[in-house]
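Every chain is named by a letter (A, B and C) in the order it is written, and numbering of its residues begins at 1.
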Amino acid sequence: MFEARLPQGDLLKKILEAVKDLVTDANFDCSSTGISLQAMDSSHVSLVSLLMRADGFDHFRCDRNISIGLNLLAMSKVVRCVGNNDAVTMKADDNGDLVTLMFESQDGSKVSDWQLRGLDIDSERLGIPSTDYSSVVTMPSAEFARICRDLSVIGDTVVITTTKEGVTFASKGELGTGKIALRQSAAIDDDADSPGVSIELQEPVSQSFALRYLSFFTKATPLAPTVTISMSNGVPLVVEYPVGDMGHIRFYLAPKVEDDA
Amino acid sequence: MFEARLPQGDLLKKILEAVKDLVTDANFDCSSTGISLQAMDSSHVSLVSLLMRADGFDHFRCDRNISIGLNLLAMSKVVRCVGNNDAVTMKADDNGDLVTLMFESQDGSKVSDWQLRGLDIDSERLGIPSTDYSSVVTMPSAEFARICRDLSVIGDTVVITTTKEGVTFASKGELGTGKIALRQSAAIDDDADSPGVSIELQEPVSQSFALRYLSFFTKATPLAPTVTISMSNGVPLVVEYPVGDMGHIRFYLAPKVEDDA
Amino acid sequence: MFEARLPQGDLLKKILEAVKDLVTDANFDCSSTGISLQAMDSSHVSLVSLLMRADGFDHFRCDRNISIGLNLLAMSKVVRCVGNNDAVTMKADDNGDLVTLMFESQDGSKVSDWQLRGLDIDSERLGIPSTDYSSVVTMPSAEFARICRDLSVIGDTVVITTTKEGVTFASKGELGTGKIALRQSAAIDDDADSPGVSIELQEPVSQSFALRYLSFFTKATPLAPTVTISMSNGVPLVVEYPVGDMGHIRFYLAPKVEDDA
């Protein structure tokens, strides 16, 4: 038996909004340590990896490891019905055939029960090697979303370049060219209202990526005020958003090899 | 001659928004006691009944009974031009051929006159028997609208069930099932900010209804913070929204006979 | 070499929003006194005329007169990326082949460079005779936009009529007729919050105009809280919005000759 209760149900809503357009079917892999999900997008270009640790739930019970396969679009439709301050409980029987989502309003006056059929999804879990990245950029998530949107006006590829001074995002296309430069904030104070731009630079990186996928990733923007972008030459970049204090959602995307940006 | 002046013109705007998608042409029946309207929706499944009592107008003159036939979609387009604090005056000549709507801004600096051609609409007025309903649920109108919208994700029929404890709304479909339970508020205090859920229960009721029509009815939500849903087994339910202090708009819908919800 | 820096970049954004649906390609004519643009709409019915004086820029350098031809839709897509408090710098080489727009955030932490290809646009500059208009109406720009929108429900032509008392806008069509009357404000105080309606009347005017074009003009509404409408019988009306303190945007539209409104 699996049962987990998340006091801030809107976290689940934001997670589903972040992945539903990228991934159709996926397994929620539940164990005593928490819930994880790993899936390629439907064109097998990018990879999503979600982690929600057990200690972030106010109740978590998982008698034995179980994979709950769900259609994420269907699940997102149901999860969109979560009220802003609702708690969400996920339940599944031992074979994961029937999945229950229960939403409770804070004062307990409204309770909804939703049952979805579990799916049998073949999936191979990729080992993602932990990497030391040459450049790790932390920046406001809304700014990253805006840059992806703005550059999409110009082209479909972005060249991200890091230096000691900052990070630039550049694109070109029929209309012309666009280049956006962010300077590393002189001092990153802990002002949560306006998180700055910080760069941990072991060596400079310059890589091209498909804007279409980066834009998909930015659907996770409501999850957190900051996003972390990790890059090394020749390996996939990682775009990471924290999920409350309990985990993260990570998107991986390989650089474009041709230098046609 | 008919002439009636409504100080809160936005009431008329909200009424038209509530009925324009359900009913195409309808007669406004004017008498010395007020204005009423009764119409079937275009597929003859549900019935709308509007009452605006004469005493709710700050000027009301109706020399003899008159039926003003109007295309509600055309009227709603004009009424959408009412400013938020405008007063609205409706006028008609004795045969109802020409209908004037006059909107006046509060300070009188802006006056608009709109003339619509009256229509000759055949309509039979149904006698609606006044019924003692087994269950009368009063609840926040926005909550009712949200439940109809949320369950539409799952199915096209809702089973509404009342008990002493509360009321449940349930649906099922290809994705799975959904059931939303509202508990009767322990104490219904007169806190207009958060009206609770109250149930007058003579006997429990469980009936199936088409969500499509209930969703149409919830277009009246802006009219009032609360809605009243009256049900008895085997008779149409009534969904009622007050119209200021001057009347109401009621929607009638027969239950689905097959138990296919 | 041409280079001009505008501290309030959102002015440029609002200007582009105002003209991009009306005019496709246009020349920005730059001289030591400032920037001007004159263009017919694509169906050659109305005329747009923009003026931005050099003294409204905080840096302005124009070594020799130059015409910078741009596709306004492409430019508006780029200019939409201007942040709310960004400064915008326009640059061009001497033949206007390459145009650079640079946006800088207030604290200098974000700088974007956009390059657009300049176009070679044939255009004849019309001399617009300065006219003494019989009636000049100054009114809230949002009210004018609303009137154009509201009357579009009824018809496609508006008759604008001025008298000593005020100004009326009337239309008719299949649904019926609509007439909106604005009374001249008793006293035009300098309350910028609610600018009133004022009319300088040398003689009354009554002229018909195509609502479609007036509605296009009202896309300039965000530029300013008031709009000035100047009319004389038999000559084009002028709809003018100020551009900050540095100039204006004017739209010219000839009256409809047939009296079919």
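Assume a residue touches a chain if its C-beta (ideal position, glycine included) is under 8 Å from a C-beta of that chain, and two chains touch if they have at least 3 such contacts.
Computed from a prediction, not measured in an experiment: that's the story for all the values here.
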Magnitude of the superposing rotation for chain B and chain C (Cα, nearest 5°): 120
Residue-number overlap at the chain A/chain B interface, same or different (half cut): different
Query: What is the distance, in whole Å, between the centres of chain A and chain B, each centre taken as the mean of its C-alpha atoms?
result: 43
Multi-chain contact sites of chain A, meaning residues that touch two or more partners: none
Statement: Per the touch rule above, chain B residues touching chain A in the complex are 143, 150, 153-154, 175-183, 185, 196-197
Field: Residues of chain B touching chain C in the complex
entry: 74, 77-78, 80-81, 108-117
